[in-house]
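Please find the structures below.
What follows is a pair of complexes built around subunit A, which joins subunit B in one and subunit C in the other.
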Partner chain A sequence: MANLHPAGVFDTTYDEDMSIDRTARDKLWKNLAFAALLLLPLLSVSGPLGLKLVSDQYISLIGRIAIFVIAVQGLNLLVGYTGQISLGHAAFMAIGAYGSAILARDLGFSFWTALPACALLTGLAGLVFGLPSLRVKGFYLAMATLAAQFIIPWLLRYPLEDWTGGTRPLSVPAPMIGPFAPYAEATLSDGEPWTIAAGDPYFVDVISVNLQAGAGVEPSIALRNPAGDLVLAGDINMTVMENPGGQITGFSYIAAKAGEYRVEISAADSAGAWTAAATVSKALSFSTDIAMYYIIVPLSALLMFLARNIIRTRTGRAFVSVRDNDLAAELLGINVFTYKLRAFFLSAVYAGVAGCLLAFERNSLSLDMFQLDVSIEMLAMLIIGGAGYPLGAMFGVTFIRLLQEAVIPFARHSLADLLPQVFPFIDAVNITSAINPILFGGALIVFLVLEPRGLAHRWEVFKVAWKLRPYAY
Partner chain B sequence: MTEFINRYRRQLTWAAYAGAALALALFLADQLAGLRAARIVQTLISGLLVGGVYGLVALGIVVINKASGVFNFAHGWMMVVGGMIFWSFFTVSEISLVGAGLLSAATMFMALTTVSYRSLREGRNLAVFAAGVVIWTALMTIGGIEWKWLHAAAGTFAGAILTGLAVERFTIRPLIGQPLFTAVLMTLAVAEVLHGVTQIAWGTVELNLPVFADPATGSRFKPIRLDQFREQLGGIAIIRVELVIAFALALIAFAGFIVFFRYTSVGLAMRATSEDQQLAQSVGLRVRVILAITWAAAAFLASIAGVLQGGAVGLSLNISFVALRVFPAVLLGGLESIGGALVGGIIIGVVEQFGTLINSSEQVGTNLAPYVVLMLVLVIRPDGLFGEKRIERI
Partner chain C sequence: MKTRCCFLLALLLCLGAALPGLAQDMMDYPSELTACETDMTGDTIHIFHFGDLSGPNAFITQPIVLAVSDAIAYWNGRGGVCGAELAQVYEDTGGNLEATQSAYDRFTSEYADELDLLLLYSSNDGELLREQLAADEIVSYISAGSIESLYGEDGQTPGWLYASNPLYINQFGFFCQFVAGSPETFPDPVIAFVTWPGAFGLAGTEPAAREYCGSLGVEVLPEPQVFLPTDSDILTQVQNAVDGGANILYTNSLATGPALLAGTLVDLGLEDEVKLAGVNWVMDTSVGLLGQRVLKPSGLPSVDGMFGSMPFQWWTERGNPAVDFITQQFAAAGHGPQAQNIAYLLSWGLVDSIIETTIRAVNAVGSLDAVTGADIRAVVESMDYSVMGGLYQFIFEEGIRDSPMNRAAVLKFANADMSGPATSSDDALMIDDGAGGKLFVPLVIPLTDFMPVPQLRGQ
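Up next, the complex of A and B:
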């Protein structure tokens, strides 16, 4: 979609027409905005500088917005630029989220390797559900992706229950860099607990114990946290190693809370038949919202930039021509089918990255997070922001999320007071969860009727008007 | 090799389909081999009966699609609205005069201003408005609890027409001339709004809608037991009477709509509009009015389906998921085919029941099988069994 220019401003070269930043001032403003976004957590209440200027709530809100910006930008590539309707985007996010969680939990991947792996996996799933686009388009394709929205969660829920936990929530470890070389070591002996002062929310200490026991000897290992409580094997920070016989042979624990940790080993009947070595090493952990912010926001900005650049390539131009008229595009020599599949692949990759980030940001996953409603909500965000505009995803997600943050708490109380008085049959309990669908359904209706091109278009118009002020044209 | 494939493409395609069908048949035979004949017969019959209601839901979607070219994703929520309004009039002992009056006034207002809001300036229309409000309010509130069938029917009719007209007026009409994608999104948005509104008004609790109560005892019917075929079937097949009645009523509604389409002048005008809106307008049909009638009729169909489904399995917000299972039925039957809606509905009903029979714990029937059918239809025959072939021009 061509950029709007103020009257009298023309692109005279191809480079100018294709440029991302038209003037040096545009570029400066953009970089300043990004820098300000990166500085924001440092000013927050729990930030390291202790400035307490920004509430923590906003940091996590921006993090969640940035995650959905990635997902909706993927949808933008498919819906806004290639013109293929997708009602299954939340299911692709589910693949990314559950894929990365399972890779990190059960298959020993770190966050950094799980992210590209699950992005690729989701991309492949996108290819599979993009296959019907060979034969059908428009509304029929919406139906095919609707099928994806039901089939994928079903697969995750039942056949893969052993890995995904079915309907139960699945806990996800926090991303980490490290652990680096150990800075303290000890050899443990029976009945003498090893006490170590450790723990920090950002530079966590990884306490690991490795036990080697002779045949038939079954010592038990336990770890007590600073509060003196036993850390259970199911703790999210605890990884337990077992031998083939099912006995515990060691563990590693990520200590994020500062204090004294105690490792105890007891084997009452067979002392001396085992050796245990414990080490402590530092690692950089991303368990807090602020730390995750520095993964999510740069990645989100990078992917936005990437999407914008994809649109400027041959592939992107082919996408747009498929959207505008696929028969005409085919006559121009564009292989419509492969370009549709590319769009599905890219869109699913974006969804996969967003799902992976969502999993590691929330530390807990459930299938309720990826229902049909979420797919519709993402489509609504895209339309409200402006489909086919590079900034559409950002505007849409921010608008809907801010609307939810601003209106829901206010509306909940006033409606809960007002409605049951006017209509005695209404139960105030039901109002809370019903406001959300009404809010974004209503917003979508208003935008479809009054501003179908979305906020991004309005923003372009506003920019032009600002440059030309005080003249109208 | 490629030459061979290109030459025998058609035969190879059919061979692939035949192979897949054979594999499916073998799989089904393997799954069903251990079961008694009675259970299979029972599954077939209840699939057929459930499919009748699905067909009715599909009919509503087809009617709208035929007339206005919009695929209505909000149909499931229209079902919920209709069923809930019926429940309110049916089970609440004292119907508020103000509520009934407001409902009928809103309906009459929407009906009279279909063409233009200015029509209310005419005295004759105002008289019609007043008379309509009085008559409908009277129908909704007259008599005591023993008149509840009348109250519920009048209330549901008014509510359905109000819903249909409001959806058409405020969301679909402004989009005339916009791309199809916009209309799809609009119906999705309407679905979300109706979701919120029904949840606020009636809550998420499952409501008991005793439509199919035995008049003699006032409780639920005893299921029919096919005792006489015990020998042949190796067991007793049990059929729920609620499903039989719902099926019969669905068929009656279906027949009524076919008659309406074929033999009334409004139905004729609707068919003409669906062929070509501009042509219909140029021969003097009022396209606006016809589209409004179409939406009202579809909302009424949705309400009937909602009441039948709610009476058979219990009324809650989950009824809207029925419409999601009906989408495969619509595509299977063909988007433009009224008969196809019934056939598609019954096929999906049977598939669903067999899915539940094979694996009841994993929701294969309700959450997987219809969508697999949907994918197959889209890949093999996107126009459905009885749909029109679409030919595109640039």
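Up next, the complex of A and C:
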């Protein structure tokens, strides 16, 4: 599609020719759209302003869309721009998800350091599974990348079971900034509970207790939440410290729910043989959907922007030449193999970031989240959105997710009442369960027949028509 | 096959209808619900549930919608519960975790003030939503959850999900108890898992379960043999297990899984040497029907004699008020016979549990609007309630999130006069399948009373 400018706008420099936002108006609209996206959670029911103008469901939905936009944008770099098909993208997401979860849970990384580390790790895995692209392409390469979809989950499930939990789900802590300096401190004594009024979903209170006990003295430590329930060691917000002998030496608890928390320490026969210091600090938590939104959406926008810029570089142009004719590209001096590998690396990095965000957004990981159907679904998103278009990933993911999570559920409620009356000879439960697949499959078929080049192409057509108005022809 | 199944189950219904219980007028509701202290006229009690209605487990879960609909129609036709109407809000997730998250977000957004109690179908959904349910203070009822969904990663941190069946690992421990107590049936027992992959399939393969069974004198082979739900040939897995010394094969699989396992044993000529067993799902009607594709030398279906758990009453246990009532309602609703399965039976029980919980919570706080998830949880943990007068016991003491009781049972096929199990095809009840063939009629026979299950989680 021609890169048309509004009437009267001419490129007179190379910078102007290369600019993404050629006019101030382009830039303004883009910035306004981004600002509106950032303001949306503030208007939501659970937002800090309590305005209740936007349902929380849509904030969560946009967050999920943004995660998959990152993943599909990575696929776009590989499939859309470099012409290398991949059926193992969900497995790369799994590496990012499990890698970051393990780094955060077991190796003491924060989310902020785990994110780039796991992105790099996933990129390296992408390089390994990109090696077959030297010798095969097309359907054969698709089959080779399919191997990633089988090998990676198998590795995560069995050889790495001690780290990943295998088939069992893995809890993932919420991202946090802090804790900052303590704002309350206390020295605890036997039989005298310490009560703290704490808890906030965004600026959480981190209650920490450090215990020092004499040899042979094992005081019991208990924390009770505002409901009066004992907080157990397995609580996702609780971190228990133990010495090498397995004796508990303290804990750290993230209090997100407002109310009174109570710390009790007692050692029945050894009063005075221990000392305990307790502190409470503030920390910025990203445990809620709204808070995670402010990580996911800006990061998604940034990675979209970077992807677009990559395509405008020497590397990007090499990708496109490999896609269009790899023999011609080689004759032009492009090292086809290294550029294919670079595309696999970048694609996997994007998948790793998306996987990491998915893990921290869900707070729970399972290998069922990264099965082959997810890889195929992402490929479908890209094709529907428009492979090889910068906005293809965004359009494709948004279309599919809105169809699945907003349009079909809305239509289904009406159809679930209507269809059993229209087809009384079919069991109602069979009709009910068939509505989702029929509507989803039907919509995809209709769409692909009417717009086979993707939504992004239609968007480009619309933009050109708009710029040429009123002389569309 | 579907036609045959339909015909068989239709005939089962006809047989049921011939029994004296059904010849009488419609039965009264079988349980004594707590008396209402607050009139809820004008209110609506929503029953929220979502799960896989169109995905791989749909053949088991679809009847949940029918059962909940029937229960709602029953109650609303009698003026509701304490004057309040019942209504259901449900969603099909197709077994996809993305869709599960989406459904949960939608429910918690649209029904933020009402959603205090949620029905879930699968362990995977429970695992995904465990922390979110706790954060949002929403109690969830589920038929059988995994350790991680009910008790967290450490197996010791109870959450907000409550399961009406025992944990699968506890069911396996219970089976070891049963095996150890039945040396004549199981001499020198060695168990091998031949099972599906995943959290459900591999439940019970944990070292804690193996050690517990070992302490009872029941050896469990350490390496499970795994097959996929789509596999049609598991000869290698079965042969590996038998070569490893196993004389009992245990499976956590559904419908086609146990049937395939049983058929393979018969193909290998090992049906007399090696016994079969599994979780409560192997007792389902689907196993009894699918297991008829391969017959033993006695002429009976390959799954004849398969052992399993039966932690609730079953369709064939006529005389139990809950079973009789549900059977009568099922027949009256005129559903397709494929719906007469575990899910339909248990869903009536879950609706009954929701009603009883709600009444108690409203009695405690004064109005339906004032009830919170914390109130529901407090009620749940104080209840000792016989669901529908005897379908199963609803009792969750502090810290317990799964049913502590279980029974051992065996899958058999009815004899010609329906007085007990057949010993061979000669004395079996054979019914016309409507396609020129014959079908056997499956029976589930309890072998023990309800007994406590061992608690093996988190060890």
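FYI, the second predicted complex is superposed on the first by the 409 of 473 C-alpha atoms of A that agree within 3 Å, B and C clash if a C-alpha of one lies under 4 Å from a C-alpha of the other, contacts with A are read in each partner's own complex, and residues count from 1 in each chain.
The rule is short, and it goes like this: a contact is a pair of C-beta atoms (placed from the backbone, for glycine too) under 8 Å apart; a residue touches a chain by one contact, two chains touch by 3 or more.
This structure is a prediction, so every number in the text was calculated from the model and none was measured.
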First (subunit B), second (subunit C), both or neither touched by A:Asp427: both
Partner chain in contact with A:Gly50 - subunit B first, subunit C second, else both or neither: neither
Touched partner set for A:Pro452, first subunit B, second subunit C, both or neither: first
Contacts of A:Leu419 with subunit B and subunit C, given as first, second, both or neither: first
First (subunit B), second (subunit C), both or neither touched by A:Asn436: both
Which of subunit B and subunit C A:Gly259 touches, first, second, both or neither: neither
First (subunit B), second (subunit C), both or neither touched by A:Leu146: first
First (subunit B), second (subunit C), both or neither touched by A:Glu405: second
First (subunit B), second (subunit C), both or neither touched by A:Gly138: first
Doubly contacted subunit A residues - partners subunit C and subunit B: 373, 427, 429-430, 433-437
Of subunit B, residues touching subunit A in the complex: 71, 88, 170-171, 174-175, 178, 180-182, 184-186, 188-193, 195-197, 199-204, 324, 327-328, 331, 362-363, 367-368, 371-372, 374-375, 378-379, 382, 392, 394
Interface residues, subunit C side, partner subunit A - complex: 53-54, 58, 62-63, 65-66, 91-92, 94, 96-99, 101-102, 105-106, 108-110, 112, 124, 127-128, 130-132, 135, 146-149, 151-158, 197-199, 201-202, 335-336, 338-339, 374
Touching residues (chain side subunit A, partner subunit B) in the complex: 79, 83, 85, 131-132, 135-136, 138-140, 142-144, 146-147, 150-151, 154, 158, 325, 327-328, 372-373, 376, 379-380, 383, 419, 423, 425-427, 429-431, 433-442, 444-445, 448-449, 452
Subunit A residues within the subunit C interface of the complex: 45, 55-58, 60-61, 64, 157, 165-171, 227, 232-236, 256-257, 287, 289, 362-364, 366, 368-369, 373, 404-405, 409, 412, 427-430, 432-437
